[in-house]
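So that you can tell them apart, the chains are marked A, B, C and D in the order they are listed, and the count of residues begins at 1 in each.
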């Protein structure tokens, strides 16, 4: 007995579809970054391809098969090959994959040197078109920001808070996540750590006070650093301060496409 | 033609059900608090009743009918009547309603006096059993906390951050939400405001620096205030600091049941 | 005593900022749609303006003041005036506002005619540039989808599920939200209702079975309807099925810019 | 130079604290379940201890140190030792740890036998008191539910949807997560799979239609199975249907403490 393939039916509406696929599927994999270090993580994937005007549906199960068969390891360098394999398996022209996952760096506290893991939210975004891959990476880096106005106008103290600096960049595939994170952290009032001994806490408190920055300062300083990095060809950059004196955020955005 | 009522079928599994009903239904209503002031808001409701062992199912549509017919206005004082009406409509013995919504207070900035709305997440929780209602309220109050250790050990500055103080209290129905919020805010390093002019920002910065508190201090001080309030007979109280120097929270919990 | 205005300081980095402002501030307002009907709701707002290269910071408190002073009522028609007022108050050239809120329609069940409210997530997005406003609206419409493949290959039954059809459209300001929602709902396997009596449940069950659609069918049919609507000049349209047989979604996207 | 230890200061408020610690810290680890199979995953942890009335604060950094030093591997069997180590390190009497993470099972499709991973949300919850550990596990199992009323009253078809069956159980530490999941899945209208070929899709469609269940039926049938399992001594069990014909859920709860 053969079972009819409804998806393969012709379609008369004359309407091509930009993207069709699967969304929010969870999948574990090992991620490789700098110095070939590998870390195990769990990703949430969206995978899609184009669909020509004359075909009723795509074959959704092939996306899942690809993930289970060909995605035990992942890196920025291998992401293009995954896109190419997907487009081939789905018999499509263009393809899109996004993978969201947590990435950890084993940081040393600034004075004591004690080690602890800090987590970063990463989104790898790839597009396959005209026979080649375009890779973007979005990184959310949590930092401390300390308000220059509050410091200036107050007799003592200054409000500060956790902030997110988010970079969404079109990258050369030789870039390392860890390097972008360090570039970003060095522009904040202070970077964060999971584990701080008292001498470390004294250090980061005074460092932030010595280094006050508005969201406007943060995006300008990170933009300046991104502009000088040749592995990044375009970016959208956002800083968001979860204000300690308000119940809303302050935020700022700079966009730059070096290619135009 | 009559349509069979499957829910009314008998059930032979001899298994009563504690709660059966609807979850995450959105509904707009006007909420009344202190001085009979009314504010329009949108709630997310869960509504359920018990089901005896010998009945196959409850009548889910009656919960929705009750919400659409009898829930244009809501207050702590009227919540018991809503519970009673639900249990009657569903022909049940016990009933449970939770309503989550945002509540606004029009606050005056501490120096300039300029007015702005600040939002608070509220959960009203009611249980009907043995012919009477038990009403609990959960309030999340966003505040500033400033770290005593960071202040003490640093030559200048002190890390501070937005924090949530959450009180889940068994209440007498004559209590006002606004009064509980003020009780909580007065125990933080500083309360929050949506709109602060520069003299206000100077004030809250210095106030927080003069008033450093660990999460431990916050829960102890709020607990002390709750213990003295006769309209509250039991509570679970949590403080959570979204640490500006870490990517995780510090938190503390005190529970007290005055009735035991 | 005057307090220094740090934000007004000059800035030498020669770096203009695309957007700077406030994010995730909650605010209650009355929304006006078709037939001048007004409904009270609570929104979450982002508000931002550009900042020239030579100014250190924007004046964040002015956004909050605008919201508290000038935003008790909102409609698609009035959104442009709010943008214009913001840009004037912040002394900027360009401005952006997004407002997310729940919108309710009082629907009649298809057979019994019984009334109940159904909720829709709305995002109003406005941009002010070159002295005029561009208004977009994003609407998430929850519907039922029933799988044509499952129906065709099975001897009985067919898997179906709740789906979201999301339209993000550049609109003429005379459009009504309610009309776009009806346009979308009429293309699903069935629309949703909060309250259904048994004859209604029979109706929607059979309607969905008579009207099977893949995500691909849904986006094609909604796209066709949007193409014919002259009040919409560009759109991104997504259908997402929360598959009842998988733990992930199926989705499809069609984009169309009629202006190019 | 010694840095003052503010947390160690005495406290005069005479107010012991039930729980104090850290919340929402992310940490990668390897989880061991049945047949000593190990899977890499990423967890979100809350860790706390009691604080006596006469001590100002706890030592938050010790929780983070414990996680980084002693938590590369985790299992239900080892969770008690982690609790014991934490309470010792913090010099406390009682301790609490919750760990939330995704767990994967490599399932075979029902007809084709093709393999794919399905994900489950797990929460391990441990409490240390009186020198011993109490371990609870919460598992969210996504399944298909098909409505018996819709099937009965309709000439053809039946609405169905994805549902969550959540079991929060006090367990004997010899229990395996995989066994509880299978116990739960066998009581649904159908279990879910990430990858289904057409013969598999026909199978699960017909299986669900042959096996209609209300949320009430699901909780009764799962409760019956849990009652017979001697490794589970108490549980709260919830079924939630993300109704395909409504924009809200239907849900039911059964609680049972076999020890009383």
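Convention: contacts are C-beta pairs under 8 Å (C-beta built on N, C-alpha and C of every residue); 3 or more make two chains touch, one makes a residue touch a chain.
Keep in mind that what you see is a predicted model, and the values were worked out from it rather than measured.
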| item | value |
| --- | --- |
| Chain whose average C-alpha position is farthest from chain A's own | B |
| Whole-Å gap separating chain B and chain D, where each centre is the average of the chain's CA atoms | 25 |
| Distance from chain C to chain B - Cα centre to Cα centre, in angstrom | 28 |
| Centre distance in Å when chain A and chain B are each reduced to the mean of their C-alpha atoms | 35 |
| Shared interface positions of chain A, touching two or more other chains | 3, 25-26, 64, 119, 149, 153, 194, 196, 198, 202, 247-248 |
| Topology of the chain contact graph, where touching chains are joined (line, ring, star, complete, other) | complete |
| Contacting residues of chain B [partner chain A, same complex] | 118-119, 142, 144, 146, 149-150, 153-162, 190, 192-194, 196, 198, 201-202, 204-206, 208-209, 242-248 |
| Complex interface listing, chain B residues touching chain D | 3-4, 6-7, 11, 13, 15, 17-26, 46, 48, 51, 56-58, 60, 64, 148-149, 152-153, 214-217, 219-221, 223-224, 240, 247-255 |
| Interfacial residue positions of chain C with respect to chain B in the complex | 3, 5, 25-28, 30, 39-42, 61, 64-65, 68, 102, 104, 114-117, 119, 194-199, 202 |
